[in-house]
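Got a structure here, written out as structure tokens. Questions coming.
Chain naming follows the written order as A, B, C, D and E, and within any one chain the residues start at number 1.
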Amino acid sequence: MFRSVVARDLMLAWRRRSDVFATLFFFVIVVSLFPLGIGPETQLLRSIAPGVVWVAALLASMLSLGRMFANDEQDGTLEQLLLTPQPLYLVVLGKTLAQWLVSEVPLILVAPLLGMQFNLPSETLIVLVVTLLIGTPVLSLVGSIGAGLTLGLRGANVLIALLILPLYIPVLIFGAGAVDASISGGEIAANIYLLAALLVVSLVFAPWATAAALRISMEYFLTSDI
Amino acid sequence: MNWYKYSSPAAFYPLAGKLIPWFAIPAIVLFTVGLYVGFFVAPTDFQQGEAYRIMFIHVPAAWMGMLLYVLMAFYAGIGWAFNARLASMMASALAITGAMFTLLSLVTGALWGKPTWGTYWAWDARMTSTLILLFLYIGFISLQATIEDPRRADRAGAVLAVVGVINVPIIYFSVQWWNTLHQGATIRMMGKPTIAAPMLAALLIMLAACWLYSIAVVLYRLRVIIREREQRASWLAQGTAS
Amino acid sequence: MLELINLDCVRGGRPLFRNLNASVPDGTLLQVEGANGSGKTSLLRIVCGLMSPENGEARWNGTNVKSLGEEFSQTLAYLGHRNGIKEELTPLENVRISNAVAGNELKTEDAQLALRLLGLESRQHLPVRYLSEGQRRRAALARIVTGTAKLWVLDEVLAALDTAAVAVVRTVLERHLEAGGTAIVATHHDLQISAGSFQRLELAS
Amino acid sequence: MFRSVVARDLMLAWRRRSDVFATLFFFVIVVSLFPLGIGPETQLLRSIAPGVVWVAALLASMLSLGRMFANDEQDGTLEQLLLTPQPLYLVVLGKTLAQWLVSEVPLILVAPLLGMQFNLPSETLIVLVVTLLIGTPVLSLVGSIGAGLTLGLRGANVLIALLILPLYIPVLIFGAGAVDASISGGEIAANIYLLAALLVVSLVFAPWATAAALRISMEYFLTSDI
Amino acid sequence: MLELINLDCVRGGRPLFRNLNASVPDGTLLQVEGANGSGKTSLLRIVCGLMSPENGEARWNGTNVKSLGEEFSQTLAYLGHRNGIKEELTPLENVRISNAVAGNELKTEDAQLALRLLGLESRQHLPVRYLSEGQRRRAALARIVTGTAKLWVLDEVLAALDTAAVAVVRTVLERHLEAGGTAIVATHHDLQISAGSFQRLELAS
């Protein structure tokens, strides 16, 4: 049934392909905005590139997270998912996995191109991809908690941002840190290990937290929207 | 003869079919000629070596990219104002071709950049504005892709295209201005090399080829779109006939 | 066998109903009636365990639904005021997927059978987004019909349905009862179920 | 009636204060993320500050624009607004004004504080506020077009970003340019005049475009959502 | 005087109804009936100018509604399947604001009068978010009742309403007709209007 949850969300995503591309291009555009705001000096740009790419990744994943449960809630399918004969933990994990596959993986694939825009050396690009591979699942997992909590509150998107961006900060620091290090010749491995640690932790705890959050918000709905 | 009758997709469909070869074949011929002249006749550039030959693709592509956007907006506007379905379809067809050329100019430009000034990308004004142009294309295309109802897609696209075309010059000059503001930009890329006659010839031939190619491809896409919409209508009709 | 024991329901400090008792043996339909805002939806959600009562409990075969968890979900099918179907998907896909997610892999034929029964045959491949209000409700009902649940909890089941559809719902409910199923239905319109045994529960407001 | 449209939206915003604060915090957080992603070099930070603040403003306004018509559409009140006996142009203008007051003005108020984080000189802060004052209405006006076009589409809030961020670029360039200039002692006035010009243009044309977009969207997605 | 002239409605390439004609003089109620998906909602939206017919036109006092624009909106009140009320606002605020936006400043007393009539007095200060389905529908109706519109276009007006509310709707409609108003109502349940003159329109599907 875990599989059918994933399948369901992948199918829905396929029906909304345009979403996926939109998230992708949002990522690309945000990254490209910064030079326009900051100016074309190659040197300066290269030094901020890791931060910019990572921040853009954060924002992009945050945007797509807003839709993670909200859609299901509005049409009442979320109640059904809650009432399926399987641990909510699995449902959440399934939806999170689907979200990662659909919204984050594409970002990882284009990230190197964006890196080139900032003239990052190729080994740095590799580090960038690796950190994203380890970091983005953390974003999805942690983000799902926020998505669950803010479910049904108005302006959920912005609220989610508010709730989960702080939780993203460690990911940002280690992720961007590693890439930075590979430019300035600092300690790469340490950062990556820390990212991995974050991944393990969130993989274990986040789905539980999200499941709890969902239960709470649903109770809230009962009183809030019949 | 009466041209109005061709303003209906159904009537235009066969005409387009007839026209395509008249543009496709010359396009192929000119491409071969242009590339031949460009890569074998035109002399090696004394400062850039062989790398400069990429120009014969790059420059026409860049020009087409910009030009087709304006055309697209024009057709979209017509389609919206006069509720002319064919014009709207034309706009949709142009969008993809234009995006392709823009992308091509970006790629070739980047490839050219590596040998000439040692990096794939710099935030040069022209590069940047070309990139933004690509974004505008993508916005138009994905908006239309998201909307099922073709009539809504046409009109929504038209609004976007028209707003965009008002913005294109603003964007273009703002980017120039931005780039000169920060005196950081060290690389001079578009320094017009004093072009030798065969180079110029190749450039012009390639340009003509791109034109013919665009027309042919757009006509082809137009046919595809017309067919798709007819199928969609009929599919829905039989999908829901009770 | 569903039992409601001394249920109190309070919403926002306003009591809706106080120690409500009922026992619905298998093969029985409980029709919950009452004015708008009398607490029908709330009651149904309590039965599903989607909401906790102030006091008392709802029992399925003797145990509190709250403590039953997953295995209760297996026997439960809930249809609320909202249809719980996906606009992007066709009725057919909706029926199949919502069953699959509930752990009940469905053959296409069976799904189509249910859709034909509900008069959606001609729309089975049309995304729900294009359907009319009543057709959406029908699609939602198709999900229930194809399910394996023993206990049906249907809120305002006849909403937006035309007379033909109402008749279908009636026969479907009768079948379900004859098969030993249980149903608790909130509605403003009389169901006139002939088969199975039939109870009324009037919520005063 | 124009006034009552504005009043209506302000009241709704008041009921959803959380939104307003959320947008604000989003702005603050995005700006504050950069020092974390990029590292503490004061010099570097100062040189990127204008760009960062402006990009953050862009993103924040974009996020809140997603909700501009969507909420009204979902509960069917937008139909009512379309059916009110007044030119749609005015309705749109009213809603845009309200959106600006609610979502942009707060940003302008906190911007100086953020500027201080990057220890910008005080005259630069003034320039920052001025550019935001002139620039953000343009964002709202242009953004409303995107909001109208993407109304009722799946994943509208991402698509909207894709559509309007490129259109925002001139605002970004002139806005950040002016601030930048006031640091590096460049041409401030010119940028500000250009911003003002943009404001005038968009004030005249944007509401028409948005009204058109709304008509288009309503007429047709009503066929899709009954 | 509302006239429907040779209306054709096609949705997604599928014809719903073909040259439909009707003329509804003042003081008359037109009840639109038909199976689910027969085109009631579509027809009502065409009348409001929210949708364009394939052919034909809807006329108000002789002129096409599409070309009337604002002054037609003044005479029109539309209630669709969706309630068109704000969840954050209380019923009272909803009624007042939606009237204000339509250019009709309302005294609090009048708004409260309407809410009392619809049995929402006790909930008038409770955000709609907390209301039950039927109470929401009632709040939506309060908007119509307080409005100054001459032409009422009501889709599935009785949805989710209990018997008491149905009676209220009936009396309200009768008043409206007696005051020379016009109404076009889509519903699956008979309205049994006694006052004013009454027409039926059956959409075959």
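Keep this in mind: a contact is a pair of C-beta atoms (placed from the backbone, for glycine too) under 8 Å apart; a residue touches a chain by one contact, two chains touch by 3 or more.
As the structure is a prediction and not an experimental result, all values here were calculated from the model.
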Topological distance between chain B and chain D, in contact steps: 1
Chain whose Cα centroid lies at the greatest distance from that of chain A: E
D-E compared against A-B, more contacting pairs: D-E
Longest centre-to-centre distance from chain B, chain (CA-based): C
Distance from the mean Cα position of chain E to that of chain D, given in whole angstrom: 36
Chain centre separation (chain B, chain E; CA means) in Å: 49
Computed distance of Cα centres, chain B from chain A, in Å: 34
Chain A-chain E separation of Cα centroids, rounded to whole Å: 45
Chain A, residues touching no fewer than two other chains: 15-16, 18, 22, 25, 29, 36, 39, 44, 154, 223, 226
Overlap residues in chain C, where contacts from two or more other chains coincide: 11-12, 41, 81, 87-88, 123, 126, 130-133
Multi-partner residues of chain B (each touching 2 or more other chains): 135, 138, 142, 146, 175, 178, 181-182, 236, 240-242
In the complex with chain A, residue positions of chain D that touch it: 16, 18-19, 21-23, 25-26, 29-30, 33-34, 36-39, 44, 47-48, 50-52, 54-55, 58-59, 63-64, 66-67, 71, 74, 153-155, 157-159, 161-162, 165-166, 169, 172-173, 176, 180
Footprint of chain C on chain E - complex, ascending: 11-12, 34-37, 41, 81, 119, 123, 126, 130-135, 137-138, 156, 159-165, 188-189
Of all residues in chain B, those that touch chain D in their complex: 132, 135-136, 138-139, 142-143, 146-149, 151-152, 155-156, 159-160, 162-164, 166-167, 170-171, 174-175, 177-178, 181-182
Interfacial residue positions of chain B with respect to chain A in the complex: 110, 119-124, 128, 131, 135, 138, 142, 145-146, 175, 178-179, 181-182, 184-186
In the complex, chain E residues that touch chain D: 11-12, 41, 45, 48, 50-52, 70-71, 73-74, 76, 78, 80-89, 93, 97-98, 100-103, 127
